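Following this line, the structures themselves.
One chain, chain A, links the two complexes that follow: it is found with chain B in the first and with chain C in the second.
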Partner chain A sequence: MDGFGGTTLRINLSTEEIERTPTDPEFARSWMGARGFVSKILYDEVPRDADPLGVDNRFIISTGVMTGAFTPVGSKVGFGCISPATNGHADSSMGGHLGPELKYAGYDLIICEGIAAHPSYLYIDDDTVELRPAGDYWGMGSLELEERMKNDLGEDFQIATIGPSGENGIVFSCITHDFGRQAGRCGVGAVMGSKRLKAIAVRGTKSLPVHDLKSHWKLTYDIIQRTKTHPNMAPWQKYGTAFFVGWSNERGCFPTKNFQETYHKDWEKIDGERLVEDCLVSDKACFGCWMNCGKYTRARIPGKPDTYQEGPEYETIALVGGSCAFTDINHVAYANHLLDNIGMDTMSGGSTVAFAMECYQRGFITKDDLEGHELRWGNIDDFEHFVRMIAARRGIGDVFARGTKGAAEAIGQGTIKFASQAKGMEFSGYDTRWYPAQLLSYCTCDIGAHHSKSWTITTDIELGRDTIEGKAAVVIYLQHIRPLFDTWSCCRLFWGELDVTPEEHVETINYMTGWDITLDDCMQVSERVWNLNRAHFMERNGGPGRSHDGAPARHLEEPIPDGPAKGKVVGRENFEAMLDDYYANRGWDKDGNPTREILEELGIGYAADNLEKIGLLGKPIPGGIPKVRGKKLKPKAM
Partner chain B sequence: MRIKVKKESCTGCRLCEQICTICRYDEINPRKAAIKIVPHFPQPGIFEPKLCVQCGVCAKECPVDAIHLEGEAYVIHEDECTNCGICVEACPIGVMFTHDAAPTPIKCDLCLKCTEVCNTGALIVVD
Partner chain C sequence: MVIYLRSGGKLRERLKPDVDQYTRRVEVEGTPSLNEILADLGIPDGLVAFAFAEGTFRRLDYRPSEGEIVTLQPPVSGG
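Showing the complex of A and B:
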């Protein structure tokens, strides 16, 4: 099948049965890859009462139509499961080289069921697929294990691992690859650990079948030449995402001290320039990428061993650096290494520690809870001790192993007001109080709060940060276009930052596959996925849908105390008005429940039947649903 | 004319491997490339592009004289090569590559396409 590896693997970890089937062309066309594949399989296969860390959840590894091709840039692989953080659909992707390697080995999709009897790793060498014992690897750090497995198997193998955090079911555990690329979000590492799957090792040596190779490569070749001189290329190459630390501070959206503030007065000590000047070892790119936003660094802290890591990237600098109030880039880089190796998402991990630091600041937790240690803002020793308490689930670490929402529910005393999360997953590294569309984006996001599905900081600026008018429709457009890149399984930055058009992406897909699809077709796939995930979330968690879209009180009620956004807050009334607007624009009813009309139009009428059975199908919209959902407005680059 | 490798500028993206196999075999398969990017991680944290320097040792060692100097590149003639592997063994810097599906060893013939896609100056053409 042109454009695909051609084979789907189904692995029953409990029985060690491995089934190979040709990837279904109709399935591939309807769902396109990674996020799309995951959405459909989870909906069809996981019982609605299944424990995310139990035997009935699925752990899915998926490439997409663009993975491994000569495209901008098919480096991605997606991981899917029911999330232990949100109890809903999870898809989390990462770059590096694992996805292309899987495709060159001939695999589009690997569905893991059951739970292995013993710690295991998945070994793939072209047609050889084995579950191998991983008892010797269990307990090792993610980065240490990758080095060990490269030594054991050879440099040609691409390796993905989990750390002790994933083994112990911490809900924000990640999967690590290529010494610093992560599928970080939704707790996919915890589900991998619950399956007793410690690692994945892949070598692929086959050629990727392409329908029209000449047109395919010439299109990308021309894009490469065109974008080399794009004005955004140089700063992205030099600093990567860390370039935007100052940018966010100047615009009053940089999370500081657990989102108490939005301007870090010492941001220049932890920004991209400091990172490059003080810590840079080498520039590092994902497979097939000519923008090399990865920064491989060395952290040096007196009294501690030097650490080598990729990053910190913007999100880590924001949620570890800013939110935990560090003032030395070496400390942020060291914390990045600590979280990577222990196997925690630096975003939710950083946010959870920051939340705990505020709990400590306010006296909700004390030294007695911390084995005699403190938890002071910006203190790397306190940070490290607490992270290790969480990873080992020692004492109160067990409470924070549930993330900010779970911890706030356990601690009580109103702490939920300052847990910056939606659906149980922590906010990305942008405060929302002057950015209402970003707040709406987080709170309606189908995987829990994550900017990857809709990032609107420049959109809020363009449309006016003090207004909510017209924001909901743009958020919907972004929630379709941005996750489309996760479904194609490629990097969205070439669209967002270098003006490679989505139409060019579609053109290259057609050259690869022999399909004759349009961007509108792809956008419909993306909308189908969004609505299916919504139905799935409600089938698992009850309703009405609106009850899951709430915002943390801090972002609704607490004006920003200082900095460029001083005094700003979204306000509850404004937020509820945005939700009304959002549901109307989506073709959902006022309770946030999808209607039969929209679900049937998207070809997933079965989801309407299922929602109807549990009384959560949206009421018909008088006059019908909008013909076009969402309003196109491409965000300006930063 | 030759390709100068600046390994400190290599970011490990492997676009060079991809374009190489596209131009050489009409296939996308980095494992069949005549250039190989070897990562050295976690330490020292650098990439090492391995690429033929056209020294000609392979041509001298070839028992059937299947490797010919054409312009400034030594080129394997597929119809003459017996795929015996002696050149691979003889290569002093390990840049004659092999692949089960390739009819001959794989070496750079200076088509220079890799230098056209490299965006970091790791592969540059010099006289």
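Showing the complex of A and C:
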């Protein structure tokens, strides 16, 4: 089977049975990989009432059709499950080397069922697949364990680990690999921990069959030649993502003090320039990549041990640095290491601590709740103590282990108003009150609020930040094109910044597989996945669909108090109007329920049958559904 | 004086390159800042995150000199 490893593994962790089957070519073509594979398997296999941290959930490790390809760049691997944060479909990807290694070992997909009798790790060395006792690996930090396992097994094994956070079911736990690459979102690390799976170790030494190697090689060579002299390559190589802090701050979208403000007056002390000047050790790249946008850094804080970590990248600087109001890049980098090693997503982890800091500021929690400690803005000792309380689920840490939504529901007193989350997952590092399309993107996202599925800050700038006109269709286009990269399982950066076209990615896929597909075919797969995830979410959580797309009150009602976006707020009426527009453009009814017409057009009529059985199928749209869903924004020439 | 602005991605479509596929020759009077040059070219505030000249990060208050080649870095999400 060209372009694929060829084998699917199904592992029953309870019985330790390991089943190997050839990867189904029809399944591969219909769902293409990672995010797509996960969507279909979860829909078909997980009972609708299954506890995300229970025996019936699945934990899926999946490569995609482009994993292992050198056309930029097949470095990714996806993880999937029902999310303990949202109770819906979860997919989260990471770069590094694990995905290609799995495929070179011959595996496209690993589906884990059940729960291991004792803490274990999955060992894969080409054809050898074993569940091994985790022993004293259990309890170790993610980064420490990766180093230990490299020592124990060999440097050429690729390792993915969880930390104590994942072992203890904290809903924003991540999976770490390559000493700083994370599948961070949706709590995939908590589900891995619930399976008592501490780590995955893979060595693959086989080759990947490629249908037309000569053409694949030529296209890759041409892209390398073109992109290495591209004007935007050198800034990427030198600075990575941390250099967008100043821009975000000046645009009034940099989350500060748990999104109370959107301008950090000390931003220059935590931005990319300061990171490179004070902390940079070396550049770092994923498999097959010549961009090396990763930044390996050292944090130095008097009285604490030096730490070494990859990052912080923009999102961590925003949600740890800005949102917790730090004023020293070393503190942000140290916090990055703390969260990575303990196994928490720096985005949701940073946001949850920031939310707790605001609760402390307002008196909803006190020193009595914090084992005598405080929880002050910008204080690294308070931050560290509280993170450790959460990881160990000590005292009020157990409440915040549920994320901002879960904590707000437990604390009450109106705190839900300032929990910046959608469907139970925390916002990415962009305030939305002057960026209505970004608010719509977060609130309609199928995995909970996440910029990777639709990032529209520049769309809002292009179309006007004070209007909602025409934005829903652009959000839908982006919600189809951006997740395609998670489905193909390759890096998105070359598309957005270095002019490698999606059509070139499709050309690569055809050379690898022998398929004859178009970008339109791929966009339809992406739309199919989006709609299947919507149906699945409603089947698990009830309806109507619209009831799950709400925005936090702060982002609808509370004008920004200061800075470049002073006085801005989206407003409830505008938000509801955008939702109306969004549903109409998707072919869903006004309650946000998918219609039979759209589900059948996408080849998932069975989801319409299931929605109908529970009374949540959308009402037919007079005049039918739109022929094309979503619209690409065309930049205006000067 | 003349400066050269370079960019790819979405910014390229706004820049209308005329030297090569990424580069636009721009004549300016005096020594304006990049912010002023971008405003004159009709590029909305916010579509350039920072600049890169002579291998170094430049903020948009940077004033290019005669003949200087300046890369414009569009904002991106992520990390």
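Throughout what follows, the second predicted complex is superposed on the first by the 633 of 638 C-alpha atoms of A that agree within 3 Å, B and C clash if a C-alpha of one lies under 4 Å from a C-alpha of the other, contacts with A are read in each partner's own complex, and residues count from 1 in each chain.
Operating definition for what follows: a residue touches a chain if its C-beta (ideal position, glycine included) is under 8 Å from a C-beta of that chain, and two chains touch if they have at least 3 such contacts.
Everything numeric in this text was worked out from a predicted model, so none of it was measured.
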item: Clash or fit, chain B versus chain C on superposed chain A; value: fit
item: Partner chain in contact with A:W31 - chain B first, chain C second, else both or neither; value: neither
item: Contacts of A:P235 with chain B and chain C, given as first, second, both or neither; value: second
item: Touched partner set for A:W267, first chain B, second chain C, both or neither; value: neither
item: Contacts of A:L213 with chain B and chain C, given as first, second, both or neither; value: first
item: Partner chain in contact with A:G288 - chain B first, chain C second, else both or neither; value: first
item: Contacts of A:Y221 with chain B and chain C, given as first, second, both or neither; value: first
item: Touching partner for A:I461 - first (chain B), second (chain C), both, neither; value: second
item: Chain B versus chain C as contact partner of A:F79, first or second or both or neither; value: neither
item: Minimum C-alpha spacing, chains overlaid - chain B and chain C, in Å; value: 13
item: Chain A-facing residues of chain B, complex; value: 8, 11-15, 18-19, 21-22, 25-32, 38-39, 41-47, 99-101, 116-120
item: Chain A-facing residues of chain C, complex; value: 6-16, 22-23, 41-47, 49-50, 52, 55, 57, 59, 71, 73-79
item: In the complex with chain C, residue positions of chain A that touch it; value: 230-232, 234-235, 238-244, 246-248, 251, 272-273, 311-316, 428, 430, 451-452, 455, 457-458, 461-462, 493, 496-499, 634-638
item: Contact footprint of chain B on chain A as seen in their complex; value: 68-70, 97, 100, 104, 143, 146-147, 155, 178-179, 204-208, 210, 213, 217, 221, 224-225, 228, 233, 237, 281-292, 294, 296, 298, 308
